[in-house]
Amino acid sequence: MSDVETVEEEVAVEVDHEREAMLAEISDELGDEIVETFVKPGDDVWIRITRDAWVTTAEVLKNKLDFRFLNFVSAIDWMPSPFGRDMDSQVDLAMSAAQGDVPDPPDMTIETGYAGGDTRFQVFARVNDVDSGRAVTIKADVPDDDLSVPTWIPVYPGANWHERELMEMFGIAVTGHPNPRKLYLPGAFEGNPMRKDFALLARRIKPWPGIVDVEQMPGEDDEESSEAES
Amino acid sequence: MGLVESGKLPKPLTGLLNMSRKYSLWVYQWGLACCALEMGAAFASPRYDVMRLGVIPFPASPRQADLVVVSGTVTDKMAPAIRRLYEQMPEPKYVISMGSCANCGGPYWDSYSVTKGVDQIIPVDVYVPGCPPRPEALLEGIVMLQERILNEDMTARWTEEPIVVGA
Amino acid sequence: MTAISDAEKLRQLGEQATEARMNVEIETEGMTLNLGPQHPATHGTLRIIAKLDGEQVVVAEPVMGYMHRGYEKLAEVRTYPQVTTLVNRIDWVGSFANETPFILAAEKLMEIEAPPRAQYIRTVLHEMSRIANVMLGIGDMGVQIGAVTPIFFAFRDREYVLNQIEAVTGGRFHPNFDRIGGLKDDLPAGWIQNTQNAMDKVLEFCDQIETLMYGNEIFQARTRGIGIIPKDVGLSYGVSGVNIRGSGVDWDVRRDNMPQGLVYDQVDWKVWTHPDGDCYSRMWVRLQEVREGAKIVQQLLKQIPAGPVMAKVPRIIKVPAGEAFVETENPLGVMGYYIVSKGDLNPYRVKIRTASFSNISITPWLLKGVFVPDIIAILGSLYFILGDIDR
Amino acid sequence: MISLAFWIETTFRSVGGLAAVLLPAGPIVYIFLFKMMSFMQSRLGPTEAGPAGTLQLIAEVGKWIQKEDIFPEKADRLIFAAAPFVVLASSFLLVLVVPFGPDAWFVNLDTGIYFALAVSSVSVIGILMAGWASASKYSMLGGLRAAAQLIAYELPLVLAVMGVVIQAGTLNMQDIVLAQAEGEIFGWGGIGNPFIITQFLGFVIFMIAMQAELTQPPFDMPVAESELVTGYLTEYSGIRFLLFFIGEFATAGVFGMIASVLFLGGWWVPGLDPDSNLFNIIGPGVMFAKVMGVMFLVFWFRFTYPRFREDQLQKLAWKVLIPLALLNIVFTGILKVVF
């Protein structure tokens, strides 16, 4: 990146009135329900609300602020995977463990993203206003002892399938959903695949050749030295 | 069927029957994923035009098919349906497994919902590797299958090793 | 209310009452028809369970997951360059278009910008994959409603486009050509001229198919007034792309929310809409999309700047922590990637917003009360790719 | 006329009947279904089996007879097994009354065309049998659609023929040919009076109705691939499917014969004496050429048009074709009285 571009971006940082105005508009409507907000200038707006305001927010956004287009509804599991990056095959790890080379246990502290978060699971959704081209990402914390969110179907009927996916993949119940069946997987499937502690069985038993990609490429040193020579 | 499977036919008649099977392979298009498009290109594109070889892509019902091309990712949810549709086909029937996913799971080798290879469910006659294979590769697989059909001995049909294109 | 319309209303009420009585008298048992999971109409593995009353659909519900391959989970255990290979196969007819938003999102997090030449080539390839995709969709619509010839024409002329994609990327339709920070390679010699010619072929195909299919009375009878999606309903279901422009919503991500890294603002083109919202209008807009796409490509090719195609990017790609969402106008509609990064080699969470998933989620609403043949016409005109629904 | 022993005559008739039904079916499948369709779609069609793929059909037959003959578990076995024969039988019955030359006919019925139109409906029974006995929903829907469609299009078919019958003044198919050979158009008898000229509207209606009777696109609702898999054929495999397949195209051939007898002058060629013995020899050939001409039209539409929806198809029959056919009859009647 050249220096000129950096300067331009810094200018953009100072003047993102459009998104700040939008945020102010939403804050006026929602008031105390907003826990935290985050504006990335020139990019996007993140708003974290309380779970109780999940449906109210949808209503406000759709009916009062004209965000009529439902982009998606989904969730994030913020607990880091107990399997680490899961890039190394467990077979290989076991072998190296036998040689006394025990890898560090993965860091299990929960770090959340933009607009913060207090719990392991967080549902998030994105809605667009097609007339003005604005969009906003809504987040809400889901406490571990009560994994459920109210449904958005009465507001955005398109949330139906997104919420079924959410239930199936994360095991977060959606209260008031008319058809809480599995969307993708066969009925006998057990587990919630998108949870970080769901193990991919094939990775437990097979070595993964793709791991070499992140190691130093053969001949890399040669290339650099030839560059230095020329 | 008993006629053909008993294997006691005079040689010229067997040859004739084999030849008619060779040139009249009605193929059921089992387009599952990406490879379905390359299969479509091989079957419907004027550039490849599989009908030249006598492979007729008409049937929409497995009952009228001789050959099935399983092209694409087989998921655990789809697998029972594949088994069932294979069983609905009348003998003698042939299976071409097209693409890495149908062969062995391909790039989804570690997925929680993908069946790693259609040969776990149904017997496969020809494997066409690639992700996705070019239409030419599928045509080669079909030509190799036709050669095998021409020299086929019905009684030995289930004991032969499958063809692997390019191997 | 005038007297005439009151009388009309009364007559309609009477008719409804008669019909209701008839249905009670001839108590018919409903029938459940299963289209799919492997069915000629579903070009893929969508299953539709339809409860029928005669030939009329009472309730129809799609059952999906026959092509669910778990992209979101797999993306978490792959490095960023490896994810591109994977997401290529989401919408397998317009593969390059799947890579673009992911790469753009990663670039946004890394705060890298591709060189101008790479941006131009990206846009060209993005449009070319749109052309290849939508051409097939048009041909496929013919097959769905019983005309066999359009699909052959589509496959024939699509080859010219695929040839050009292959010439530059090396893959007929899984290019895996986009890189964080630019492109894998530069254009081969003579490619620009050949592509101009291929685009002429595409425009020729559009004229041909317009007379063969769109002008046909039976085609119009089968598609006009069928499967109408009203604006607001469509938006609240998240229907996007051609399907919502066919309902008169003048919204195109390419024009209104163009992500940084594409150059649609450098060319002169038009977003087509159609007010009707029925199957015909969707197919009509789709045809215009192909034409516009060809024109965009032809214009862009004339003004591709010289220069490198790759920005300075570290060998081992580690994306800084943060979240980014980039959506682009893909052949099937709006596709977006929500990437959550924790500064690692692999993304922490990738939410893939695919167009067909939302486009098809409207079908239960849309299929109520239509006839069995209309199911096929509606599904054909919504034009979905299974990988794009199930991921 | 020489009289032959009964068994010789019977043999001749059987062979002739088989030839009349099966011989056109083969070329129709090869020329139109394989080759013409492929050329229209810028392809080549079969090329490997025999020179230019001409032996493809032999291969087809050879393959189908060795396929497994599957009966679905819940099928009504007897009816399921009998259905293809009923369909095929209807085309044999149809060919009975078709004349191939001044003396080359199977039966010379005075009510020939009446008989032909009557037995053409027999195939509906076969299709309904197939649809019902398969115990499959697709088959059932396909069978019902077929029945509704064939019955609806029987009417315009009959009414279109009425014009010809009024103009020829006879129901005998042989006499209809002669009426065309000896007729004249407004006093000019240079090419006789092939009814395609004076009964053009009738010809168009007959062709559309015929397309529907043959369940070819755009009237292929009963076998709509993209909706009903293959309709009433869904559960058929092996030799029974082959019989249906032959039946479909044999019926197409026989309908082509009836169309050429009614509108194109049958076995007669303009400029030659219809009574000469020559026509007993070249008559079948002439008929075959005319059948191919008619079939070309049928298949041209087949590969170009999308398919109708069931209600649109019924509307076309009842609201357009039947009134038009009635008008045609009225005009023919008036003209018949005036001239």
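Read from first to last, the chains carry the letters A, B, C and D; within each, the first residue is number 1.
By definition in this document, contacts are C-beta pairs under 8 Å (C-beta built on N, C-alpha and C of every residue); 3 or more make two chains touch, one makes a residue touch a chain.
Only a predicted model underlies this, so the values are computations on that prediction, with no experimental measurement involved.
Here C is the chain whose Cα centre lies closest to the centre of all protein Cα atoms. With every chain reduced to the mean of its CA atoms, the largest distance from subunit A is reached by D. Looking at C-D and A-B, the interface holding more C-beta pairs in contact is that of C-D. A straight line joining the Cα centres of subunit C and subunit D is 43 Å long. In this assembly, the C-alpha centroid of subunit A lies 42 Å from the C-alpha centroid of subunit B.
Separating the centre of subunit A from that of subunit C, both taken as means of CA atoms, is a distance of 24 Å. Averaged C-alpha coordinates give centres for subunit A and subunit D that are 64 Å from one another.
The residues of subunit B that reach two or more other chains are 46, 60, 77, 110-113, listed in rising order. Multi-chain contact residues of subunit D, defined as those touching 2 or more other chains: 41-43, 225-226, 229. Listed for subunit A are residues 184-186, 193, 198, 200, 203, each touching two or more other chains. Chain contacts here follow an irregular pattern that is not a line, a ring, a star or a complete set. Here subunit A touches subunit B in the complex through residues 184-186, 189, 191, 193, 198, 200-203, 206, 208, going by the rule given at the top. Those residues of subunit C that touch subunit A in the shared complex are 64-65, 68, 70, 72-74, 76-79, 81-82, 108, 111-113, 232-233, 235-240, 249, 251, 256-257, 311, 315-316, 321-325, 327, 334, 336, 338, 340, 342, 344-346, 349, 351, 353, 357-358, 361-362, 365, 390. Subunit D contributes residues 37, 40-43, 137, 141, 217-218, 220-221, 224-229, 303-312 to its touches with subunit C in the complex.
Per the touch definition, subunit D reaches subunit B in the complex via residues 34, 38, 41-49, 53, 55-56, 58-64, 66-70, 225-226, 229-230, 233-238, 241.
By the touch rule above, subunit A contacts subunit C in their complex via residues 1, 5, 9, 43-44, 46, 62, 68-72, 74, 76-77, 81, 85-87, 111, 113-114, 124, 126, 130-131, 133, 135, 137, 155-158, 160-162, 169, 182-186, 193-194, 196, 198, 200, 203, 210, 213-214, 216-217, 220.
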